[in-house]
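Okay, structure first, notes after.
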Amino acid sequence: MDRVNNLKQALPYIRRHRGKTFVIKLGGRVFEERHALLALAEDITLLHNVGIKVIVVHGGGPQMNELARKLGVPQQVVGGRRVTNDETLDLAKMLFRGKLNVEIVSALREFGTLAVGLSGGDGGLVEATRRPVVQVQESDGSTQEVDFGHVGDVVSVNPHVLHTLTNAGFIPVVCSLASTLTGGILNVNADTIAERIAIAVGADKLFFLTDRSGLLEDAADLDSLVSYCDVADVERMLAAGVIAGGMKPKINAALKALKGGVPRIHVISAFQASSILLEVFTNEGSGTLIVNDKHEVQP
Amino acid sequence: MDRVNNLKQALPYIRRHRGKTFVIKLGGRVFEERHALLALAEDITLLHNVGIKVIVVHGGGPQMNELARKLGVPQQVVGGRRVTNDETLDLAKMLFRGKLNVEIVSALREFGTLAVGLSGGDGGLVEATRRPVVQVQESDGSTQEVDFGHVGDVVSVNPHVLHTLTNAGFIPVVCSLASTLTGGILNVNADTIAERIAIAVGADKLFFLTDRSGLLEDAADLDSLVSYCDVADVERMLAAGVIAGGMKPKINAALKALKGGVPRIHVISAFQASSILLEVFTNEGSGTLIVNDKHEVQP
Amino acid sequence: MDRVNNLKQALPYIRRHRGKTFVIKLGGRVFEERHALLALAEDITLLHNVGIKVIVVHGGGPQMNELARKLGVPQQVVGGRRVTNDETLDLAKMLFRGKLNVEIVSALREFGTLAVGLSGGDGGLVEATRRPVVQVQESDGSTQEVDFGHVGDVVSVNPHVLHTLTNAGFIPVVCSLASTLTGGILNVNADTIAERIAIAVGADKLFFLTDRSGLLEDAADLDSLVSYCDVADVERMLAAGVIAGGMKPKINAALKALKGGVPRIHVISAFQASSILLEVFTNEGSGTLIVNDKHEVQP
Amino acid sequence: MDRVNNLKQALPYIRRHRGKTFVIKLGGRVFEERHALLALAEDITLLHNVGIKVIVVHGGGPQMNELARKLGVPQQVVGGRRVTNDETLDLAKMLFRGKLNVEIVSALREFGTLAVGLSGGDGGLVEATRRPVVQVQESDGSTQEVDFGHVGDVVSVNPHVLHTLTNAGFIPVVCSLASTLTGGILNVNADTIAERIAIAVGADKLFFLTDRSGLLEDAADLDSLVSYCDVADVERMLAAGVIAGGMKPKINAALKALKGGVPRIHVISAFQASSILLEVFTNEGSGTLIVNDKHEVQP
Amino acid sequence: MDRVNNLKQALPYIRRHRGKTFVIKLGGRVFEERHALLALAEDITLLHNVGIKVIVVHGGGPQMNELARKLGVPQQVVGGRRVTNDETLDLAKMLFRGKLNVEIVSALREFGTLAVGLSGGDGGLVEATRRPVVQVQESDGSTQEVDFGHVGDVVSVNPHVLHTLTNAGFIPVVCSLASTLTGGILNVNADTIAERIAIAVGADKLFFLTDRSGLLEDAADLDSLVSYCDVADVERMLAAGVIAGGMKPKINAALKALKGGVPRIHVISAFQASSILLEVFTNEGSGTLIVNDKHEVQP
Amino acid sequence: MDRVNNLKQALPYIRRHRGKTFVIKLGGRVFEERHALLALAEDITLLHNVGIKVIVVHGGGPQMNELARKLGVPQQVVGGRRVTNDETLDLAKMLFRGKLNVEIVSALREFGTLAVGLSGGDGGLVEATRRPVVQVQESDGSTQEVDFGHVGDVVSVNPHVLHTLTNAGFIPVVCSLASTLTGGILNVNADTIAERIAIAVGADKLFFLTDRSGLLEDAADLDSLVSYCDVADVERMLAAGVIAGGMKPKINAALKALKGGVPRIHVISAFQASSILLEVFTNEGSGTLIVNDKHEVQP
């Protein structure tokens, strides 16, 4: 009876979201706990079954570090971006596309949901160009040229393969590799791919699943969660240095997605049980909802 | 959080029923309590929003008696079937099609669901022929000819208008009037219309909403509910006289629907809160489930 | 042979109208004569069978008065608009939706044409809001507040259910009830509904079937029929007081429909044999054709 | 008013034939009178506009004789079939496809109807093989080998191009040339092409327009018209020699079409005003209707 | 192996042209050599089979002269345009539509390709009006009125029948006759029809097959072929009188097509083996490619 | 000019194969030479561009051995089948799905062709069950239980995701991993997957690309190539022990595919330049064609 009452309380939310598209960016750490991945797969299956079109995007930074360490492949990171030589690119393909992507598809299958794993190179989905060599200033004031190797900047997203798959009832699961026009594979930031895909498909929501429960006013105080804010708030927090570390690129991607027409960005925990469902099916939510302007009625 | 947990427990049921068609026969008494009607509308809206195609069928016997009494139109009932002269047919149109049907459509609208009211005469949905004059044996042994007037026997159901409306996202709400090939309107038993429509559309479930919580082994003992039974059980109960009164025509319609290919019939309460949802989204259910053969694995 | 010659003379008219949409507003009195209703049904069937999409709209004022009188329900009319309390609303539903609407559908069925009866509350077709309380000036100079009760003003028309039905080969027959967003039923002027539907579906013609043969220059002289006029003519006639009584709201609706893009309004007799067909298939017509500007070539 | 009454009398016929396919075989002599051709084009336009799919088939024997005579090309006919050498085949192409076919398309255009002229070689419509050399017995008892040259026997009809055109709203007009699989053009009997096309498209009616008003019991008595008959009647008339001359191949084609599933064959006059329309829109008809078995209810 | 290597070299060209539309205007002289026509049919079949939509347009001037001479019908040409009296129009229909059009369709059939022959009068494809009487200045300075008779100027092209046929997999073959709105047939310049059709269907290439290998800088020097030029070049050549004779109307049509949005015009030989394929599948080409502006990157 | 002539010679082959489906199984060694992989991608692109639907299937045995050796993961092979423990399964995912599959998709992209990489676990494509523990007889006569671990036997193929992608213009590239109904990943023989997919999609041809040029009568004599044979021949060769080693499972898969309705199996070299194209576009071919019965006309 509780179940039925709760279903009925969920009804207005189901009605609001049916037929909409959600892009969900999984953070790398969710792969460390099979339990967390399965919980996510169940949540996504539920969204799928009440008529929401879901597209999953993922990277795999932490796993990459671990695999490189295990195999003795030294990794160099400059300005938060991994320098990707041939050997590292091979590892990225094998890890992102071969292992993590397959694990998400499998976890969804465990709940009876048919997904199709993709990289940005499949179906011409994400076109990128090699990042130009950049001048990086050293701490001693000298500058150094850095060639990031097989690192790409996104040029365009062609969502045809996504529409083809979602219209046929499949959930696309996209890993953070892109392709040049001539078939070269490039390592691309997963937050950026999620943002660009969300814009290209006209998503209604873009979720970033992170290690935190959302944006915090005070990084040291987990109770300082910001439930609801807008671009002005976020820019103020960025200026104040409240947003830092791995959250920063996510928030920058979020701002671009808002600008690109995605009306709602959700920053939530990858580990809190059912954080996505709480965010979608309750008013309170579980993390941070960012909109363009909180003083306007949201569409 | 409870809501979300309950949603997750409902997930296997949602997955099982998506895309299926349910026919729901409302008993006349549900119109007496606006509260009960709204509760039903909410339940139906939920089924609709998780992707189930719902078709509602209703009669209005009790309201008919009351209206006839208020307007001083004498009613004659022979063998459980209302003799329908011109004046009574006018009342039936006005009550079933004009008042009750509109009330169901309105109640669904209150939950944001778009329904379209129909009689069996709309879109050529239910074709009937006038019931022949019958010989009825009197208690004194004499026989009497009874002409039921504008009472019809169903000849065929053409579900085209139902598919047209459900495919366009509308819920059809059908009242128990039928049409002859030449446009005559006939009063037809609503249980029969529900059964014939369920067969014609290939429904997966046919619900009879009644004043009882389901079939009772002992009519005097409300705790003697039969949760699960099959045709053999029902025939045994009919032979034993356990099923009687208004339940009998429903059960006869149920048996015909089972024979016609509808795999599951549910006899449930029109008044118990969320009886439909309990029946659909929990294993325990709320009333009686009748299948062809309970020893076989159900499809 | 005459038949065939006449068919051939009708050919240019058939070619002109195939694939077009006509909205036909039936006046209440046509229900008083079964003969007249059947004649109309035959005419509509003919239009339907030469490829014209027909939508029928009807009210039922005269029948309402009679039914109220018979049942002893007092009726109050202010400024030509019926004050609609709960009891009167129930009568309206029963009469418009239950009796008259069913009769039109049946009459069409008699000619083999499948129609679907609708109220403005079905399929979200006509959304209305309750008319605000108004100040009415009495003859003695005092003012009085009038609450029209369940009387609605049309907010919008969503033609989706009409297109769904006409594309599937059904003729929609719409009675003059509308719905609020929350499922309330309101009594709405049928001329207004006809006008708004004609605009919403992009009708090519809107017919008003009336007790007169069309607009008369001199109300007392039935031979003073105006065959062809435009908005300027009509406004002149309104100013001169030539158009009065029940014709006035029809003409106001006609003017709004012309302004809303319906190129031709026909005011014709509901009782003259085949008045619609004469209007459609002959140059002389049978009543009054109103266009935006008779000096311009009509589209 | 007559027009409208006649339209109404035509209504049951329009309803019966909407959506059906008629194949109309024009006899060659209709081209001799522009007036007759235009009258036919008007009749066909009317059928087209009440929703009947029309396919026209024509030959051009009489015109062929005249053209050959004018150009001094000797013609040889054996057993009713023209021996077709290279020069005669060129004349056939120029006359049938170039002149007569264009004239029918133009006549239809004059009534606003868009037709597309075809030969059996267009779109792979009619595949034929060259007729084998045959032994013909001379009057003196000797036999002679006759090579008919570019005369074809129909192998198969592929109606794809006909469906493509009729579904797009065009009327196909087919002249009596066919193609071999390797592109050779052959002269084929137009009655046979009409019969084979009628079978291939599942036509409801096949019309032969002839110089007579239909089948006559007594060739000398124009009043001896047979209005309605069946295969048994026709076979009896053939045995009795009542059917002779150019009527014989038509009737043989008619019998094959009936056997191939075309339920009704009409033999009517090409010159009587509106003979097609009389046949379609009146019970009396104008010529001869042939069915499989007149004692059975016709489908 | 050569075949396979050459296929692979053709691959980039196949990829570039798949799904595009080519209009190919055949010059009249190609009909004089069955060998040349078959070679063209093979080339067109190849284009069709690698996924290019081909539309063929043809006239038949030289054959017309010959036929008229043979039949003793005097021909008058004023300013390059044939005066077309009734008798000449009949010849034009018989020759263009009856003989030449059928020959192209047959030649394509010989390679297994299904084509459908059309005139501009079929399916309302090309609407024309009769050319007005013009004043022509005589060499002696006097002027003379010339009535070209059944000669038409193109008013509009309705490509519906072309799209219908190409979408169904057929190749339309259009001869240079057009129709007035009332069914009159007019003789229209084939270069103009090709140009107007190319614009109407949004063709990517328009080919003119001529007796020369392309545009020549010096008409006397067959080696002075211009491989690649633009509108400015062509206008310079016209001004210099380099382009003359039958090439002039083609080039004027080419300029109009370029202006109308056809990006590439090819003037090539009708007789050089595989000139079309060389032009499409090699960089060198075989004749003259004309673009709007050779200094811009071509789309 | 050679190119064009060769294109024309290829035309009959192009016509024969347009719209057909080819399944191409790549052998693992083709990944060792980037040059060979690119050549294959070019060939596949050509097939794709002349309208053939291509599905690529691949394994990666040799690369697996090398990767395992490099990472020091011991590999056990029993009866030709790799025992797949957890660590080896991870390697298989990373290598097959992560590296090799991505390389094929990239190589195709280099020729402008959009492919989508899949494992049998994507979109529910290949369902498998874990291979049961088997008794293996040792050379000393003792038996040993072998648990192959994550090795699967194919239960069924659901081609929905393949049709979805090919209909949208993408080439599916499938690696040899399958999924259980509950999301477990299993290592499955690639020849078997190719065979089962070819049957499921109704392929017209199934290619096995191998290290040899085809089937050899005498393994030691590379000139003893069998160009054309049937099932009877193959069974004779199997009985005679002529077919051995890695060729044996391919041939067994080929026999099953033939039995399952795939009419033509091609065993060709992965390294001979353009072996696929030679096989498809020439009569001589390049390897071995196997049919059901070489004495029957092939469909």
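For clarity, chains are labelled A, B, C, D, E and F in written order, and residue numbers in each chain start from 1.
Keep this in mind: a residue touches a chain if its C-beta (ideal position, glycine included) is under 8 Å from a C-beta of that chain, and two chains touch if they have at least 3 such contacts.
Since this is a predicted model, take the numbers as computed values, not measurements.
Q: Identify the chains in contact with subunit D as well as subunit F, in label order.
A: Both subunit D and subunit F are touched by E, going by the contact rule given at the top.
Q: On C-alpha atoms only, rotate subunit A onto subunit E and read off the angle in steps of 5 degrees.
A: Angle of the fitting rotation, subunit A to subunit E: 120 degrees.
Q: Is it true that over half of the residue numbers where subunit B touches subunit C are used by both copies, so same, or is it different?
A: same
Q: From subunit D, which chain is the farthest off, judged by mean CA positions?
A: Most distant chain from subunit D: A.
Q: Computing the C-alpha centre of each chain, which chain sits at the greatest distance from subunit E?
A: Centroid comparison gives B as the farthest chain from subunit E.
Q: So how far apart, in whole Å, are subunit A and subunit B when each is placed at the average of its C-alpha atoms?
A: 49
Q: Any idea how many Å lie between the Cα centroids of subunit C and subunit F?
A: Using C-alpha averages as centres, the distance is 70 Å.
Q: Need the CA-centroid distance for the pair subunit B / subunit F, whole Å please.
A: Centres of subunit B and subunit F (C-alpha means) sit 57 Å apart.
Q: List, in ascending order, every residue of subunit B touching at least 2 other chains.
A: Within subunit B, no residue contacts more than one other chain.
Q: Inside the complex, what are the residues of subunit B that reach subunit C?
A: Those in contact with subunit C are residues 71, 90, 93-99, 101-102, 105-110, 114-119, 121-124, 160-161, 164-165, 168, 170, 177, 179, 181-185.
Q: Taking the complex as given, what residues does subunit E use to touch subunit F?
A: Checking each residue of subunit E against subunit F gives 1-11, 14-15, 18, 42-43, 45-46, 49-51, 111-112, 273-274, 277-278, 281-282.
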